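One chain, subunit A, links the two complexes that follow: it is found with subunit B in the first and with subunit C in the second.
And then the complex of A and B:
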């Protein structure tokens, strides 16, 4: 690397950075620290603790990780378990798997089917949350829902999806909702591969699935890692399932983001809510660090 | 090892006929070069043999087997691509061993065979590296090694030397020829470089605009090109073509500027082939032309346009009327620029093409 002369002197450079730094400080760093502080108090919306919140140390965190009723519905362990299932089911398997499958199915192909599938997937991705939630409630409703109308027309029984399979419902919903991102990322990654890669594999005698496993997957590895981490973070933090099941019935589809919302803004226990938020931040941070270190290792291996 | 036969093979892309009714047999063990300018359909032909493109019409046979409807995996061929298509995430060992890996060979057997091929290709010390750490010439050898590791019925090469610099290319060329001769595997080699085709092939097929114009040994094609396209595509510099008119009574050819060349002993043959006054192309290779001291019945007055000393010989371009003619001379004192010279045209060496381009004599 050659040493390049900086375009601006240090003080002028800092001056240009200042507005952005102020914004980051006011709207990101400060609220985070504020949340961290609240999580160490017993602040609530009403009552005595609202006026004079007391410092309670790690009591809020201890309550979260109270293993006596940890996995009981409505408690943090249950929400964490739901979140893990939700992330694995809808992000890792659902979105990434479906996205890769679609991108691979239409690799180096054109035509009406590709346009149709891509358009539908992208539509599902860009429609506003509220509209999408309403569509899915209407689709899955027991008595008036489209899905049950189809099933009963086929002679199968009606299922009350949102009551009987709430977690599965939001997993399928979120898969449908987000597959487009992975699909677009993977199909642009595939487009960068020289056509001769697959052709050489075919001539070498590799069956399509062997070529996919040995050539395609390793070639787009860094894209896959990027995709997995991004959608894991997004799915872990998404709040849209609340609009469909509201976390219910009886907390069966309550993921961590909904749990936080319930504790902080329905029970108005700001201290405990903030503690959950801090735990969420730490989980996100851990995921992001794994992501960054993996990408750095990838970059070094090349 | 096998003979490859193409029968009436046609490939149409939309409105473009890339390969037009091509029939060709490549003998067992033969080194066959498909030669032509870019877009002539030679690569498409190769890709159809490989199974990467499906012919619109026609059949392809490898050995006695009709492979037209078989996928590349089932054709038992090996191909070296122009960009080598080595996988950056695999070591050279893994790259070369890939054809064995997909056939589920044992690890130890793969290592043994890869090492063996790598010895032959002199890249045994590079097996732990990745393609990105190899030079162009080494990558090319690794790609050849991958093609060799599982002995195929036929080798297909798609311009494998075009990404190498001039010096490496010569080296790789003799290496490939030696290798092919010692293995005796039927080989189709696609190139746009006539020198490469001449140097490597037992036979050459010259293609243009989807059609196979001529098939023959390098010498045949060099000595008797079937038409003016082949004549001007082969040779460096290519064959000189002079537009002239046959005058039967005087037994001469008259050039555009009125100069006449006596036909001598060939007059009789031309009289049978051409009408009086018919326009034609006189074709003559640069190495057959010589400078003369003064005027003569087969001498042309010309002016020197450029002189390029090449060491062994000197390339002299002269201008006759509006046309330029190349001469390869091995003289110690070449003419100088703009000098008036006489060029002797040895009629016994000349070829005569019809106005439309096909060879008549």
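And then the complex of A and C:
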């Protein structure tokens, strides 16, 4: 694009930017810096430490990384392990895998099946949190739930999903909840591929699987990276599993976001809660930097 | 051979479609049946007799109805603030010479990805507490606004870049002030983009649980996402007839907006819709 005279002068432009920037500065930038300070204090909600929080150095972080009972249920290590399994299972394998499978299965296809599945997946993605939570609590119920009704009709035993397999339950739930994003992203990525790519492969005698592996996957590589980074970020931070298992039973499905909530908003230990929040934000920062670097690489390639 | 392979791939395709369709549809069926069942149940059963009594009971519950109104207020308020401020910011980013442009855009993406979820709620709660914004709608709306603005700005910036500059240039020649130009020339042209952002922001806030759950205290101020947990017996088990009817009512605006967006624009995918 040729450089043209800007329509707005710089002062007017800054004036237009101001309201949005004030909101962002107060409710995003300032909290992210303030949390660093809170994490170094013994701030609580009520009592002496609420009015005059004391500086405690790295005590909150040392408590968090206390390797004595690190992996004991209810401690940080356990929550971190659950989060890693939750992200790998529901985001990287579940959402990305299912999203790619659907996008590929309906590549260059139209019709009722495509409409139906895309609509259902999008609905699962946009229905309010508490509503999907109630659906899934009903769906997974031991005695009346639809899933067990199907399993027993197939001659399999009933499973008390939320008690016996809480982590697996929220992994399957979150796969269902978020697959639409990957599906839509990969569909629009595939739609940009010139058809000649695959025709050439077919002429050369490549099997569909070979064409997929050797042509499709490499050509949408940057979309795959973008997708994996974003869904990892969202899945790591999601709070919705709390509405299904509340982290239980006995912390078996307590992921880091639920752990943070429990420390900060149920025990009201804001100092310790802030320390977990800082660790979470550092993990987010690492993911966001990977995302930004792929964005920049794409921008440069364009 | 090719015929067999063709048939086989058809069969596989339908099998795959049916399985995936079932995977997505099965958990939803309960919400379509239970609200019309006189007996509260977690099971999937055809309502016999079919009844609307659950909805009557929910409509008669003033607390639950006010909660829906509260949701409209919170989601609507956030929608207005986000759409207006994001439009102006996106316009400035696209049409003015903004110093540190790259730093600003990358900074926005960075902060909106990092400061999110429960981690963000720890400092935001203390900030709201210090500003006296706990248990106020202003606190809830501004917290949502801060979180949604960066994405809203990027979606709208793409729309602004798609507008021809000639309209604005002739408005300037006619002596319009920058604000008149935005209000009378740019905003009408930008309506589709503003609509997308408004609906997106509304749906995000309408369905959200954590922020009002942490920031609000008074039961009468609670939005539907939290009020839905009030249909409980004294023993602490949910009254499923009312809960399911209320859940369906609460989900309907999202379904209607989805149908509207799908019919009007097609559910197109904006690269960074959740970015």
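Note that in this section the second predicted complex is superposed on the first by the 280 of 302 C-alpha atoms of A that agree within 3 Å, B and C clash if a C-alpha of one lies under 4 Å from a C-alpha of the other, contacts with A are read in each partner's own complex, and residues count from 1 in each chain.
Here is the rule we use: a residue touches a chain if its C-beta (ideal position, glycine included) is under 8 Å from a C-beta of that chain, and two chains touch if they have at least 3 such contacts.
Since we're looking at a predicted model, the values are computed, not measured.
**Q** Superpose on subunit A as described above, then tell me if subunit B and subunit C fit or clash.
**A** fit
**Q** Touch check for A:8: first (subunit B), second (subunit C), both, or neither?
**A** Second partner only, subunit C.
**Q** Touch check for A:153: first (subunit B), second (subunit C), both, or neither?
**A** After superposition on chain A, A:153 lies in contact with neither partner.
**Q** Return the chain, subunit B or subunit C, that is in touch with more residues of subunit A.
**A** After superposition, C is the partner touching more of subunit A.
**Q** Would you check which partner chain A:136 touches, where first means subunit B only, second means subunit C only, and both and neither mean what they say?
**A** The answer is second: A:136 touches subunit C but not subunit B.
**Q** Give one of first, second, both or neither to describe whether A:214 is in contact with subunit B, with subunit C, with both, or with none.
**A** In the superposed model, A:214 contacts subunit B only, not subunit C.
**Q** Quick check for you: in the superposed arrangement, does A:205 touch first (subunit B), second (subunit C), both or neither?
**A** first
**Q** Looking at A:196 after the superposition, I want to know if it touches subunit B, subunit C, both of them or none. Which is it: first, second, both, neither?
**A** First partner only, subunit B.
**Q** In Å, how small is the closest CA gap from subunit B to subunit C once the two complexes are overlaid?
**A** Taking the overlay as described at the top, subunit B lies 5 Å from subunit C at its nearest C-alpha.
**Q** Which residues of subunit C touch subunit A in the complex?
**A** Per the touch definition, subunit C meets subunit A at residues 9, 13-14, 16-17, 20-21, 23-31, 34, 41-44, 81, 84-86, 88-89, 91-93, 95-99, 106, 108-127, 142-143, 145-147, 149-150, 153, 165, 168-169, 172, 178, 182, 203, 206-210, 214, 225-226, 228-229, 243-244, 247-248, 250-251, 254-255, 258, 267, 269, 271, 274-275.
**Q** Can you tell me which positions in subunit B touch subunit A when the two form their complex?
**A** Within the complex, subunit B touches subunit A at residues 50-52, 71-73, 75, 77-79, 81-83, 85, 87-90, 98-99, 101-103, 132, 146, 150, 156.
**Q** Please give the residue numbers of subunit A that touch subunit B in the complex, ascending.
**A** Result: residues 194, 196-197, 199-207, 210, 214-215, 218-219, 221, 302 of subunit A touch subunit B.
**Q** Looking at the complex, which residues from subunit A come into contact with subunit C?
**A** 4, 6-10, 12-17, 19-21, 23-24, 26-32, 34-35, 38, 43, 98, 101-102, 105, 113, 116-118, 120-124, 126-132, 134-139, 141, 143-147, 149-150, 176, 181, 184-185, 187-188, 208, 230, 233-234, 237-240, 243, 257-258, 260-261, 264-265, 270, 273-274, 276-277, 280-281, 284-285, 287-289, 291-292, 295
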